[in-house]
Amino acid sequence: MTTTQLTLVQLDNYGPWTVTPEPRREMDLQTLQSRLFADIAQFIGGRGGYVFYTRFDNMIAVTNGIDREAHATLQESISNRYPVTISLGVGVAETPAAALNGATERIQAAGSAQDENRTEVLAGTFLTSEETGPEPIHIAHFDVNDATGKYTDQMNEFDSFIHIERSYASLMEYMRKAHGALSFFVGGDNIIAVCPELSADAYQDAIDHVESDVGIELKVGVGRDRTAHTAGIAAKHALEECRFDGTTVEFAEPPIPTSDD
Amino acid sequence: MTTTQLTLVQLDNYGPWTVTPEPRREMDLQTLQSRLFADIAQFIGGRGGYVFYTRFDNMIAVTNGIDREAHATLQESISNRYPVTISLGVGVAETPAAALNGATERIQAAGSAQDENRTEVLAGTFLTSEETGPEPIHIAHFDVNDATGKYTDQMNEFDSFIHIERSYASLMEYMRKAHGALSFFVGGDNIIAVCPELSADAYQDAIDHVESDVGIELKVGVGRDRTAHTAGIAAKHALEECRFDGTTVEFAEPPIPTSDD
Amino acid sequence: MTTTQLTLVQLDNYGPWTVTPEPRREMDLQTLQSRLFADIAQFIGGRGGYVFYTRFDNMIAVTNGIDREAHATLQESISNRYPVTISLGVGVAETPAAALNGATERIQAAGSAQDENRTEVLAGTFLTSEETGPEPIHIAHFDVNDATGKYTDQMNEFDSFIHIERSYASLMEYMRKAHGALSFFVGGDNIIAVCPELSADAYQDAIDHVESDVGIELKVGVGRDRTAHTAGIAAKHALEECRFDGTTVEFAEPPIPTSDD
Amino acid sequence: MTTTQLTLVQLDNYGPWTVTPEPRREMDLQTLQSRLFADIAQFIGGRGGYVFYTRFDNMIAVTNGIDREAHATLQESISNRYPVTISLGVGVAETPAAALNGATERIQAAGSAQDENRTEVLAGTFLTSEETGPEPIHIAHFDVNDATGKYTDQMNEFDSFIHIERSYASLMEYMRKAHGALSFFVGGDNIIAVCPELSADAYQDAIDHVESDVGIELKVGVGRDRTAHTAGIAAKHALEECRFDGTTVEFAEPPIPTSDD
């Protein structure tokens, strides 16, 4: 059974800030957003978690094994170094979507994302490793079959991107509705999904859905472990197996041991 | 008439690098990608251009006013500071899509994105300001009406994101097909489109299309100027007008003068 | 009694890399060096440690409480994101200088800093918190009395810097020889020293030495705790006391409790 | 004849900010300072200039060829992305020290570095390339003979650093007093000096002074050109000549042509 701890990272009152007193240079906003994400990725990633940029003003993190104190340190460090602050809501549930519900509600309960008096919320419940089974996190790493040969080397980059984007839009909605899984585009032709326990057939169905929906062929490697990082590395190895063997769905079995185990 | 200079930034042989000799930590890849984008945003943005992260291993930049020498400096600086290198293809055309065709073809002609012997391509034609009219760049800045009230403060963040993502998928395909315009999600509920000359009716049609297609209401501010930055700032001011006046399409007229003019 | 765990971070074969195949742009090297330091500061700092930039190609960190696995993660993460790699030597001793001896010897034993075959050394012994008393780390935070009024607002910046630099050169040599303490300039008019157990008289003697040697008046706050961060925050509070009370040496007593305790 | 345009970058009211409302985490301050420096290095460096971190809250830049508009863009971009702002004073003179006098006075005239109402000063005169001869900038790049063999591989890192630091302290004071040149430690065993026109004998005298003063042997390559970057690259090539030929002072003659010429 999966037990996912999810953290919603929400920039406080960010929209109004971007246009106060005048609209700010877009490239400065893009720089700010992407560096803030990078810093959070280093903080969370160095502790075994994953974070996804999503909308940049709201980011979603898998934080099994990362406690309240570490969340507080992250929040303090961001406020020391950026002109904006972050609120953190944390939820725990069997499915990622349910965990995110809890995380989001905790922030919403404290006020609107554009309430200037609501800053640096830190609310939620934190999971200890004793409370979970040995494989609370399931990570599925999808990519597009031969994206370079079919798209990148063949059409203009925006049209390649349209194809990748279609596959992502189709997969994200399917996985969300069918399974309460959360899927994130992570660049190139890669999509990483945080999932509940799913069978190989369920993954095959998702891939079949995307192909019939938008005509794009995916494959997937699945890893399961105590942290997003270790499950994710196992998923990447399983995806490499798909690549070498020409298969569509591979589970890492057993998980690849790593130094973070 | 618009005259857009577009640059395709393509990481050289990046996919294979991410799994050699073993799959690399995902959060390190995310950090690398987003910081590389941020550095390019600072470099291009400080010279009046715009760059969009797109797939991160391929980024698209509007580079009117940025010459070959500056492109070479960017390329050299990245190779001095990152474990990866970039190729740059540049194209000029009336419509953004046609300009990107030229930019992409120049890189493709030099070899595959995954050809390890193809590194640091710098190819293309560069526009001088004398060759264009006074408003070669049109930037349209869209956002979602009351996204915070309807989505961010109401549903879990992933479901908010699904709605924003739908509006983006719908708009990007419509603008590409109808007008050869290139639209980019830039975070929050914001989409920036690089456009050819379009009427207010054409923008209204795009917004109507998205509403009928996916049920999401957009509004748009449009700016026109010599650089992406100055056109984009004008577009942001026009979008503020939509916000205050409750209108759907506003053109900045005349462009807001800025220090970069 | 103090028990300091020190880590020497040494860039592998960095000097030759900076001129191969041609000398690289100095501002790219400066950017690389300072961002690498910043990343290490975030990694070490988020875990309660301190790192000092020293010569940038060699940095010195106080790493009590940071284990071998975390060091390995740092090393892997740097190699994933930079064109250079780092070696890490770790030593433990009562005095900081003796701990650094051990740390440095472990790296030197593996080969020269410019041996291209010596990369990513990770060697040393790691302290567990059970092995130390409750205040193994002593941090002294010095600054210059009224540096803004006497220097920054009065003379050109280089001449201000010469005065600050003189006070640093004098203090660093004195503290090293007299006590085996390691002192680092950290910007502005601030010097942070990692010290063994020293009396208030010993600190006063150091300050008197600098004044008689180079004519610059310092004051100091001293903190003691389990980590560099918590000891350092206590030292900063003690230094604020000096500022408000007009005193020269203040000990934080008892240490200020913080969320990282 | 040299004509140096120097910019003083001064953080506004930074000291008080670091302790308000409470002393901030030192590693966050270190990260902020070094990343701010890195961003300025990229901005200035991409336009042919040099910047030195000096005290981090005050940085000194060589900005020949960088105009008022670019300075304003840098200032705006920093304020958009950091919790602190910068003031910029610019001076032009034959000797670097005289140019810095002018730059510093312009900022001092606007208020104290710790005056909370003095923010984002931008004051000074800017040089056009027409106003100078073809080689207005002279850059001297010094390093320590066999620093790795004599120090880094032999003694603990702090003791190596003490030796490098002594050579820097001795050289910086000598060059300042004898010639109005400004010398900056840039990491490793490297010192870069911004100089007026000096003979080979004058450089030899400086090196002799350091050897007799502190017993450390330096060598130097000197470059002259229109920008700090091109003069600096020429200096690096000249220093490589010293290394290969075993000489102590080499002038690049003629300057190495580069893409930024």
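General remarks:
Order as written gives the chain letters A, B, C and D; numbering starts at 1 within each chain.
One rule holds for everything that comes next: contacts are C-beta pairs under 8 Å (C-beta built on N, C-alpha and C of every residue); 3 or more make two chains touch, one makes a residue touch a chain.
Small disclaimer: the values here were computed from a predicted structure and weren't measured.
When chain centres are defined as mean Cα coordinates, C lies farthest from chain B. Repeated interface, listed pairs A-B, A-C or B-C, reference B-D: A-C, with more than half of the contact pairs matching by residue number.
Centre-to-centre spacing of chain C and chain D amounts to 23 Å, using the average Cα coordinate of each chain.
In whole angstrom, the spacing between the mean C-alpha positions of chain A and chain D is 43.
Separating the CA-averaged centres of chain A and chain C is a span of 36 Å.
Residues of chain B in contact with two or more other chains: 25, 28-29, 31, 35, 42, 45-46, 76-77. Against chain A, the residues of chain D that register as touching in their complex are 24-25, 28-29, 31-32, 35, 76-77, 80-83.
Interface of chain A with chain C (complex): residues 39, 42-43, 45-46, 69-70, 72-74, 77, 259-260. Residues of chain B that touch chain A in their complex: 8, 10, 14-15, 18-19, 23, 25-31, 33-35, 37-38, 41-42, 44-46, 49-51, 53-58, 60, 97, 100-101, 103-105, 108, 112-114, 148-149, 152-162, 164-166, 169, 172-173, 176, 182, 186-189, 192, 229, 232-233, 236-237, 240.
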